[in-house]
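Heads up, the next two complexes both have subunit A, just with different partners, subunit B and then subunit C.
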Partner chain A sequence: MADTTQKPDAISAYYQTRAAHHGVITSDWLAQAQAAVEQPDSSVSGLGPAKSFNVIDEFNGWRKQPDLAEAVAAIRAMAAVIRASEATTMMELEIELKKASDTLKSWDKTSISLTAGCDLFIRYVTRTSALEYEDFNSAKSRLLERAEKFGEISCKARKIIAMLSQDFIFDGCTILVHGLSRVVLEVLKTAAQNNKLFRVLCTEGRPDGTGVLLSNELSKLDIPVKLLLDSAVAYSMDEVDMVFVGADGVVESGGIINMMGTYQIALVAHSMNKPVYVAAESYKFARLYPLDQKDMAPALRPIEFGVKIPAKVEVERSARDYTPPQYLTLLFTDLGVLSPSVVSDELIQLYL
Partner chain B sequence: IYTKEFFLERLSYWAFVSAAQTLRPIKPPASHYLVFLFNSVSLSPEYSLSTSSPHRSPPSHSHRCRTCNRWCLSLLTSSGNVRLRDLKLQRDAPWSFLAVGAQLVAANPVELAVGNVVRRVLHIIREEDLSLATAAVAGLDLLDASDDDEDVNGKGIGYPGMSAAVVAAAARSTLRPPSLQTLLEGTPESATVPYTSSSGADSESKTADKSSITRKLKHDVIEGVNQLIHEIAGCHEQIAEQAIEHIHQNEVILTLGSSRTVLEFLCAAKEKKRSFRVFVAEGAPRYQGHLLAKELVARGLQTTVITDSAVFAMISRVNMVIIGAHAVMANGGVIGPVGVNMAALAAKKHAVPFVVLAGSHKLCPLYPHNPEVLLNELRSPSELLDFGEFSDCLDFGTGSGSPLLQVVNPTFDYVPPSLVSLFITDTGGHNPSYMYRLIADYYSADDLVM
Partner chain C sequence: MESRRNPRAVVDPKVRQVGFFTSSQPDSTHQPDPIASESHPVASSISPSGNSLSPVMIPPPRHNSSDTFLLRAAAAAASAVSPSSFSYSTRRDFPDGSMTASPGRVSRASFSKPSSSLPGVGMDSMAAAKSSSVPASGLTTVSVVNMPPGLSEKESDQKKNSKPLKEKTTKAERRALQEAQRAAKAAAKAEGGKAPLVSSGSVASTNVKAAKPAKPSSQKNDVAVAAPGPSEKKGGQTEKDRKKDAPHPRMQYDDESRVVKAKRRAVVKQTEAKNRVELFRHLPQYEHGTQLPDLETKFFQLDPMHPAVYKVGLQYLSGDISGGNARCIAMLQAFQEVVKDYSTPSEKTLNRDMTAKISSYVSFLIECRPLSVSMGNAIRFVKNRIAKLPITLSESEAKAALQSDIERFINEKIIMADTVIVKHAVTKIRDGDVLLTYGSPTAVEMVLLHAHELKKKFRVLVVDSRPKLEGQLLLRRLIKRGISCTYTHINAVSYIMHEVTKVFLGASSVLSNGTVYSRVGTACVAMVASAFRVPVLVCCEAYKFHERVQLDSICSNELGDPNAISKVHGREDINYLDGLTNNANLQFLNLMYDATPSDYISMIITDYGMVPPTSVPVIVREYQKEHSLV
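The block that comes next holds the complex of A and B.
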């Protein structure tokens, strides 16, 4: 199998976690499980030698929960850093946080929400400390409180996005969904609760199998679902009224980085004049500007074909692609309904 | 010319103002009366069945906006005893500005300019209130610093350890639309801290301060609204000033229907001694293009009248398409008279620039999710068909009750932003993807849903 020749750290941890959430068993997971069974003692030594607190372990712990967004896990890990820190001034605390955020970012370079969440929190800390708090402890407790609250903000963000997109779903429409985004699921759930009649076409979503999972969730809500092969999208596009996708990250140009296949679907939809709507929370906005598909840090996933592949045959293992802004119609975020050109404005306001 | 519309408008305005002055504060029946008057003025010329004046043009949008503005102004001036909160934001108090504005918008949702003006005034009110609040907090800060006997922690109720600068900064952030910067902050209650602090103390000077703040607020808001009225009245001249940059010598311009903005735009270029030709598509079924052609010829421009169906045939000979808009949506889409979508598609096919002229009061902060249906008005079939000849086809009484012949007469067309090359507003020329910036400047995020 071609998979055995790769190094373990070439696999993107972000997409591994997502696969774990979806319950997909792949060969690398099996290899890890095998290794864990053979050496039960080595799993304890995950902690760093000198420090009793490791931000990466903390982050991994939070990340494993399936309902928690990636950025929320990152900010919770940073909150843990604040709690465990022994700094006495704001400057010291800021430096510790910066170090923790750099560690997290270097540990998983492929996760955009992680980077964005860390940057957002550091930026917030810097701005808060500039507002002349007289007391360090009260400032620290306030930072902790905001960090804990961020989980609620994230849930509220999903609800706001669901509310904003209700107008765009009309009775009798057909929605094409790609990938399993919790935000898009919330949108569809809210529409079903508002007694809107619509049906959903979902793509199979190889290799994660998101199509079957999504159809499980939607059939619980009594929404008519039809599964498509990834290659059947153009075939079915004429009966589709709109395309709904989530995003792993929203980049500065207004384009999105999402599961492999999104670019293809956006191209087909654009050529047939169907609107493509993206549902993404605002903390996924990242300071990236990819110029083409290969311009991002590679995120590789192991792909199973079920049969043995000859050793000389290469496999395209990238887990994500970049959709340029001209193929997107509107973005639904908790900052409101935005057109793709507004994204860079928001980012400039935050970072400059 | 003393037409029916002239008298109706003057009468209704006078009646409203006198009613407002006698009833104070304005009770709910008056607000219904206001809505009725507004409806009658805005809708009656459209539905006039008098055949004597088939070419009567309805009040233009700027006219309607000025009317709406004047009423807002009189509402503010006449409500002498209304408290600060009621003036601003009480949803449940039926005589508040927000409630009346919501009723105006609900009366005719297709007329987006009404909602725009109401939101502009609300934005003005919020801005003035905020600037006064920061001034008041700064004033309090000085007071406390100078007088040691006063309770220094009185202003920090609920927010110990926060300086006045922090409160002002937080209050300012509530005025801006939610952004990434304020994502983690999220404490809107801080905006009310100046009020609680000013009402906390029971000295007489504080209550006198409060009523003077109310008076100052009203004065500032009325000034802001006056400025808005001037802006709306002057938008035609501002747009026409830019004509000389866009229209060049020996060009051929295509336009559709009749718009006062387009007329003044073209005449301004003519006055600067540019010679060009204009093709006017007649704009069936109301044939407003005929009126425009007559006006253009009166000003000395070479004009050609064509049918709407001939637009595609003539587009290859045209250098630029210029139309006026009914409304501009937040994504850069345009609602215009029926037929402009066709002209836009033809222009795109032949790579002809499609320029839209719109005053800033036409900028609507909403995103259209079904504009052809929800933002359209269907008018009477009598404009298309003569009832005399077609009475047997259109009769609802025979057979199963629904006639075989249906007539659809929409008023507006939606042009998606990808077909528009340039917007010319009174602030200058803009890209369709820039509209969100203007909207963020003119409107507050809280007022989007009324």
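The block that comes next holds the complex of A and C.
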């Protein structure tokens, strides 16, 4: 992929990945597929030419796997950095890791879990005092082991969250779901496996078409699904008992950053007194604090309308929005069921 | 804190006793307490039945919690009418420190919490009776002022710990009590109480509140016991009592006797404001303007006072230094001087003597101007460091260590904290922003100047208010740097709010429930901003956070000079209120601070990062952990 950081209105790589995962064909995907065909070796991004090992490539490799969370991919890439590193002291290794983390972060500024995952790992490296006392090789292997384990933690996190949320899904309830979060899918899967009777309303999720994908998945599990237009949310909110969404990132105020449309749904749910539950792993907690919708790095994605749009017409291409904490009821994380104000508590403890 | 609650639970509701009861049991058990206890009023753990006070004694101090209460010992303690001791030792303090002087007294002091909270029935008279016979306490270690002996120790003992026990008394008991009180009252009156007993005399002394000198320690203790403090005073009390009790460990200025006593001891002679607003009578009210020349002449006469501290006090009084950070830094630098010039007197330990000295200086500063929360926290830090000095250090080493500690505090908690705050805050300023600020907060000024240096394009709206007109100073400094500004008064804030994109405010303190305690008018600005859905960002260093909780702006505040309201500087022709200052129907109220509820605050920027208002207790917790480990 071309280096997206140069152009201010560049397309967010994070959302491109998601689109790829979902198998959505978008125009830019087509364009880069075309480009890939014409220039087979254009994939090497201009990183430090002296380095034979390229952390971005590594990250890209991991990222492509649909089941892997972005943060886990980042950490696996960092693990690869450690493996390929020729440093002989902890300090040197730390510096290399820091550099790799900065590279990754600057490569895609819009991905919050990427940033959060890198920060977490760096923090683990610099703060673990046990590492100071061991000799270098064992410290290195300990770091590697930790990085590997992170991947498992991530999978386990999903299971923990699914288990915690079972208490909130009761028989006969109607759940509104927005976006295709793997965690939420896990929650619903587990509920179905526990033989709970519930039905799901899912929003169409344009332009990603997440609604269709989700309904595919759910019908495989024999869960009754109903597809709604994005604009039909308020209309159907009366029959909804709870709203379930995932999160791309959880910010310091306790709010979440998620696919475009989440804020709208949360506002409607709040005004009709329906609980909004967020399922997010703890590594998605980020030290951001947006004051309003425009306070984040813009993440743009291409939007297809199916017909040609005149050139003079502008299109709002932002891929995500920020939902303030007052519209969220609870957060289900692997740390437990939290209220939005606890996020800051956790972050302070983690990063201080 | 738990222990504090227990005793109350122990009270047998059927046995309501008026006054104090003698019982030797609690005595012995409590003796070690005052020495060992921290700022918690251990005495509070004394159950009412455990008081070693005689039955017809002065009502228990209703004030809360501070240690000094220990000293005050329930005045009545022990003997029937000559409580002697205590009480005056108001010199605070430290449970570890000054007590060594009179351990014997201490034991008595421990019980000061006379548990029985007498109902408003002529309690004062009892107090009066008691106090008259009490000589000045011998417990004072260092006192700035000589305590006149035989002062109406009305307050004395009333150690605040008001255990709000309302005891049922039999009719006979009550009658006897009333007689005694009447007699006492007469005696007190005869003694020439200066304080005119307001309304039913009982009002006056019922508020037994910590005497002024106790204030510093209570200020300090505030921090630790603030929470339990208010909880102490509950109980079925009469309306008046409750009103007086409700405020927490500071000196309650509606208690006439205490005020009188404090005045005699005071260095700074305050003239009382004539017409006081009823709701704020628990706060110190004076007119500042008159003391300055008087104090200046006394500069070379005050022996016990260190000149640096005296200078800082005068600067506070005249208003030359204002603002939480400036006052705190000035005070700490004065303390550095104090430490530098200090030499331990013979037969005293450095820790205790220095602590006592600092306390006396703090009480002087309070007389000049009540402490701000930042100063209170800094004082607590200093005393903490003094207490933690290893005994093995030589005097010069200890002094050097202390000076460097204070220096480090100033650098880390104030100066570097400000740079961190600026770094975080400028990320929130975007090109095209219109930023509103109120008053003259130092942190916000730094943020704006730094953002300007970073070439961000924004303009500033400075909102100001009378009588201080602090915004003008900020305005000058911003304009000098070339920032485009608009200036307006607070009356117009709802008019201009529609064009504002962000509001930056400063704070004197942030309390545990997220309430921001700041210059009066801040709450108004924050509320209007919130109504217009404009984000409100508060910039405050972490050392100003406090674990107390405040729900309104009344229970704890500072009153300024009432004359400043009726006069407009430079406009002699606006003199409509000239003849009315002494009119009984007109009261001037000049508040200095107000409390902004957390709902109106979007974010608090501290040196710990950007946090939501709900995370303030987390930071207070982390901050204390950091300090106790240090």
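Here is the rule we use: the second predicted complex is superposed on the first by the 330 of 352 C-alpha atoms of A that agree within 3 Å, B and C clash if a C-alpha of one lies under 4 Å from a C-alpha of the other, contacts with A are read in each partner's own complex, and residues count from 1 in each chain.
Rule of thumb we're sticking to: a residue touches a chain if its C-beta (ideal position, glycine included) is under 8 Å from a C-beta of that chain, and two chains touch if they have at least 3 such contacts.
These figures come from a predicted structure and were not determined experimentally.
Of the two partner chains placed around the shared chain by superposition, neither subunit B nor subunit C is touched by A:L197. Residue contacts after overlaying the shared chain place A:S253 against subunit C, while subunit B stays out of touching range. When the two structures are aligned on the shared chain, A:F170 is found in touch with subunit B, with no touch to subunit C. Contacts of A:D345 after superposition on the shared chain: both subunit B and subunit C are touched.
Residue contacts after overlaying the shared chain place A:L335 against subunit B, while subunit C stays out of touching range. When the two structures are aligned on the shared chain, A:L120 is found in touch with subunit B, with no touch to subunit C. More residues of subunit A are in touch with B than with the other of subunit B and subunit C. By the touch criterion stated above, A:I153 is placed in contact with subunit B alone, subunit C being left untouched. Legend: residue contacts after superposition of the two complexes on their common chain; A:Y289 is shown touching subunit C, with no touch to subunit B. In the superposition on the C-alpha atoms of chain A, the part of subunit A touched by subunit B in one complex and by subunit C in the other spans residues 341, 345, 349. Per the touch definition, subunit A reaches subunit B in the complex via residues 120-121, 123-124, 127, 131-135, 138, 146, 149-150, 153, 167-168, 170, 282-283, 285, 330, 334-342, 345-347, 349-350.
Of all residues in subunit C, only 428, 502, 535, 537, 602-603, 608-612, 614-615, 618-619, 622 touch subunit A in the complex they form.
Considering their complex, residues 160-161, 163, 165-166, 169, 177-181, 183-186, 330-332, 367, 369-370, 417, 433-434, 436-437, 445, 448 of subunit B touch subunit A.
Partner subunit C is touched in their complex by these residues of subunit A: 252-254, 287, 289, 291-292, 295, 325, 341, 344-345, 348-349, 351-352.
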